[in-house]
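Letters are used for the chains, namely A, B, C, D and E, taken in the order the chains are written, and counting of residues starts over at 1 for each.
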Amino acid sequence: MPSEHAPETIEGWYALHQIFTVDRAALRAEAPSSLEYMRDRAAVALGELASPGVEGWSAVVPLVGSSADVMLLHFRASLDELGEAQRRVAREPLFDLLRPLYTFLSVTEAGLYTATAQLAAEAATRGGALGDATYAEQMSQRVDAERASAHVKRRLFPPLPSEMPYVSFYPMSKRRDAQQNWYTLPLEERSRMMQAHGLTGRRYAGRVVQIITGAIGLDAWEWGVTLFARDPLDFKKLVTDMRFDEVSAKYAEFGDFYVGRVCPPDEWVASLP
Amino acid sequence: MPSEHAPETIEGWYALHQIFTVDRAALRAEAPSSLEYMRDRAAVALGELASPGVEGWSAVVPLVGSSADVMLLHFRASLDELGEAQRRVAREPLFDLLRPLYTFLSVTEAGLYTATAQLAAEAATRGGALGDATYAEQMSQRVDAERASAHVKRRLFPPLPSEMPYVSFYPMSKRRDAQQNWYTLPLEERSRMMQAHGLTGRRYAGRVVQIITGAIGLDAWEWGVTLFARDPLDFKKLVTDMRFDEVSAKYAEFGDFYVGRVCPPDEWVASLP
Amino acid sequence: MPSEHAPETIEGWYALHQIFTVDRAALRAEAPSSLEYMRDRAAVALGELASPGVEGWSAVVPLVGSSADVMLLHFRASLDELGEAQRRVAREPLFDLLRPLYTFLSVTEAGLYTATAQLAAEAATRGGALGDATYAEQMSQRVDAERASAHVKRRLFPPLPSEMPYVSFYPMSKRRDAQQNWYTLPLEERSRMMQAHGLTGRRYAGRVVQIITGAIGLDAWEWGVTLFARDPLDFKKLVTDMRFDEVSAKYAEFGDFYVGRVCPPDEWVASLP
Amino acid sequence: MPSEHAPETIEGWYALHQIFTVDRAALRAEAPSSLEYMRDRAAVALGELASPGVEGWSAVVPLVGSSADVMLLHFRASLDELGEAQRRVAREPLFDLLRPLYTFLSVTEAGLYTATAQLAAEAATRGGALGDATYAEQMSQRVDAERASAHVKRRLFPPLPSEMPYVSFYPMSKRRDAQQNWYTLPLEERSRMMQAHGLTGRRYAGRVVQIITGAIGLDAWEWGVTLFARDPLDFKKLVTDMRFDEVSAKYAEFGDFYVGRVCPPDEWVASLP
Amino acid sequence: MPSEHAPETIEGWYALHQIFTVDRAALRAEAPSSLEYMRDRAAVALGELASPGVEGWSAVVPLVGSSADVMLLHFRASLDELGEAQRRVAREPLFDLLRPLYTFLSVTEAGLYTATAQLAAEAATRGGALGDATYAEQMSQRVDAERASAHVKRRLFPPLPSEMPYVSFYPMSKRRDAQQNWYTLPLEERSRMMQAHGLTGRRYAGRVVQIITGAIGLDAWEWGVTLFARDPLDFKKLVTDMRFDEVSAKYAEFGDFYVGRVCPPDEWVASLP
């Protein structure tokens, strides 16, 4: 049995999700002047990270209904710049009074399942193989075309969705059990399921924006899903609908969920005790 | 194989379960005057949360037989108001001396399995499909009728059951294994099992009140079950009977259980060392 | 497929297992007079809990070969009285220097599998059903007879076994896998396996005493097993034999094991640094 | 389906594995005189435990390549004497500056699979049954003979292997899955696999010494394996070979591994900061 | 069913991966002179470990996108020398202000699957068996030849790849489920899958360097994979491609992933607060 083929993917910004709890007792134990100093510079730092001099952005998402208190989102063009954002946060004395609870490293991803399946089928028709010279040339053209499309650009270099302040983030992986193994399914079958799954998401267009990030080779979980919505009830509606999609029902494993509402950095800093 | 359909659901109040342990050594280390100040304002805060100016309520449930010490329950009309209740608790210095052990975010839910299965069957009879215009119109009428019914109102906007002071809370999910996958079962089969499951609950009418909250898209667990009883032995009797229901025996996964007895906020605060 | 039936059960005392580690550094850091004060009142409190004015008893079990240091056992007639015992322990300043590691809430239980299976078979013979009026009346008589028997009384209201100072406690559940699901087995099959399992236990009569407590609806684990023995090697012999019983081999899941030796409260308090 | 039979076993010394991490910051924070006092008496205590006035021995094994720092091994003739050794360690102030990470309670065990299978076969031939009077008498003679053999004595009362300073310890259990269940296999099949497994071990005679301890009824894991070797690479070679043995490949579950090198107590104490 | 055979392996340097979090609050609480003292000597110690007087090397890898902050890599010729490197780090007061989060002990390994399968096939052809005298002699020659080859030397005694500063480390094991059990597969089948897996790695030659270390008998995970790349996106590309290899898709279990960038010791020390 030959191994199955990975779909072609295009990557954009590196992404970092940082989830913290606040040590309120420690905050309250600080002298007012010391705390004010910490707050002021943290607000400046988070503000600069939100609109860095380089590509990308950061956002502050106070959490609701979680044991954690706040999630920071960072998108940057390179791993080094992402590391710089992370170190910038770590240098802030205010963050000595927060404890990191969970951290997720990934990179924005557009999966070209349909294109991969089409070109593989064409290769079979012409007696060639997935990965041969003709396939490689055709795929290279497709990748260039996709990269240039506005739709793919929005997925690889996503803006912070305005007027959709609610956020739900969760990591996920595809199952590799003996009887339900995503990684041994034929390419066409995976392509078909991903296409149907995409239609479920499209029914929520205008109500929910999804940022999909890939983490294979970078994290124990394989993907991150960061949802933005106008109404948080749409997280429940969308994720429920998706859980009945064949690809999720049979092949998805989910991590923890973190729900919150985007907040200007200075407002969040001011809300701390 | 097409994906199966989610049942129609109606949602009401957002719900937050907060479970804390008390750091008794820290409490005892506080100066009496400081502790009294903390207690007094915490009693006021919890009292105001219990009967907030807005829709909903909060309750204090000291736990028995758990490593945790107390559970707070909050029901509110919006995620923002729920977040406000959570921040109100966090602002109390007394809660610096408690440690959050577990937190669960969900929203009250009435699942319309029977209606969904009926309208889907009718759609099939008339040659239509679940989700087509006729179906959507019929479902919209059913949802409106259900929302208006006293029975559904009690499920979406549940009062704190008086004379049923004992509480048992646990989160749960439906199984998605290769051989026992709730999310790949046909709608009618799920509808049949949920109906039988409901009958088990009804045998305990007048003895146990159930609040069912949905958490898909909001939490790693998919549902929360909050039981209230006159006699705590009925938790054992009811949950045992339900565990033999086909839907639980084959498709339910359970989290931890938290058992306690509702207590006026000021009494609980006074009981701390 | 109809759901299977739960066996009839009779319950007695509520039970609480509390497992603690001792913070020896904190104990040694206390001033001698303060420590003596703590010790003295803790010895008094534990002594009073051992022989409370109400029904039931408590015991102190220093552990051997565990990361935890001591287990407290409490049996009381009601959940409220059990909660009172728990709060009595929590009020002791000495217990600020111990950390709770594990806690298990349950209630003594006698399962009437044989009676349930017999009456169900009779009901089938007479064309009736498990749970109909005749069955209910017959079962009610059986329950009354069982409750009055010395054998069942010892299971529901167990004395602290004298001359059997060694203790082994572990929680357990019945498996609910697709291929090995206790909760979908026919009543007669479960009854047969439980009867055979009981015979294994009876071979150790006079050497090992078992207290079985049920925890469905109260705890994540479904049962607690508290063994008392004259010779701790009998824990190994008995549990090994039982692990080969069909009911355990195929359907049992086990939690952690805690082994120790019952000790008078004042001796245990005196043994602390 | 009748339950399968447990093999006869003979037990010897009780065993305790204690694994600690060192709180180096706390050690360095101690005044030099206080630290010297702690070190001196700890060296004395560990030295006395190594060669106690009673049967058995203890050893100090500083760990390499583990988050933990040191493992103490204790073998004693009774659970009470083992508990005394544990309390002796706990009484040392130096151990207030170490944190227990893992603890494993067990008892040395020689499993008589071959004898059990033989006598069971003979019983079947003569129309009797495993456990009948003839079987019991024959087994009693076999147990006596085994107990008297030098080979079994070395397994039940193992000396600390000299010239084999490297140690690898891990707990393990036998699998009880629906499709791979050790506890439902016929006695002869288990006997056959254990015999083959023993041959793998014998190929390492003179290079690796194994101490097998049983923990059913005492610990969540069912057995402990403590290996001693002249060359630590033999741990990798032996355990790899064994992992391909049918009994391990299909039926073994492993816990964490702890690797180190035996060290005289006073040298270890002197090596602390 | 006879047990399957382990492949012949050759081992080289022992390896230790140490992963730490930095306690920034504790660092900032140190007096500047004390901190400078700690930094200076830690920089010296890490510099000496990087180029020790003995065989092997160490490296400092600050992590990006992880809850941990830094990974230390150590390669040494013996377990004792590896232990000495570990103790050298532990003696540094600066490391009192870091907390060990994860530690992995292993040894570089070259698996001779192809040679083992070939010689086993030849043995079968000549009517002999894997492990007989002829096989042993032939294998001994093959091992000597492999050990002498530059390719195998690079795998057993790997230099720190220059111009490939990015690192991704993760532990892994082979699956032992009833339906997907690596350890019960015939040798030829394992050999075939490992060969195909090797081809995937070779497609990344010049872009990604892999160090494979074996940990059976030393750690709960069976292997460690330490990848070095010029472009961190190649971690995602390579590991994704490999996840579709039959050997990974069906038989691999993965631990956590740690991603970072190699940094001179003194630069890392200087970057701390």
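We take it that contacts are C-beta pairs under 8 Å (C-beta built on N, C-alpha and C of every residue); 3 or more make two chains touch, one makes a residue touch a chain.
Note that this is a predicted model, so its numbers are computed, not measured.
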item: Where chain A and chain E overlap in contact partners, by chain label; value: none
item: Same-site or different-site touching of chain B by its copy chain C, using the half cut; value: different
item: Inter-chain centre distance, chain A versus chain D - centres from mean C-alpha coordinates, in Å; value: 47
item: Rounded Å distance between chain B and chain C, as computed from the means of their C-alpha atoms; value: 29
item: Contacts with two or more other chains, residues of chain A listed in rising order; value: 178-179
item: Contact graph of the chains (line, ring, star, complete, other); value: ring
item: Chain order, ring traversed from chain B with chain C following; value: B, C, D, E, A
item: Residue ranges of chain B in contact with chain A within the complex; value: 1-6, 9, 11, 14, 16, 79-80, 82-83, 86-87, 90-91, 93, 95-97, 100-105, 107, 176, 178-179, 181, 183-184, 214-220
item: Complex interface listing, chain D residues touching chain E; value: 24-25, 28, 62, 64-67, 69, 166, 168, 170, 177-180, 196, 227, 232-233, 235-241, 243-246, 248-250, 252, 254-257, 259, 261, 271, 273
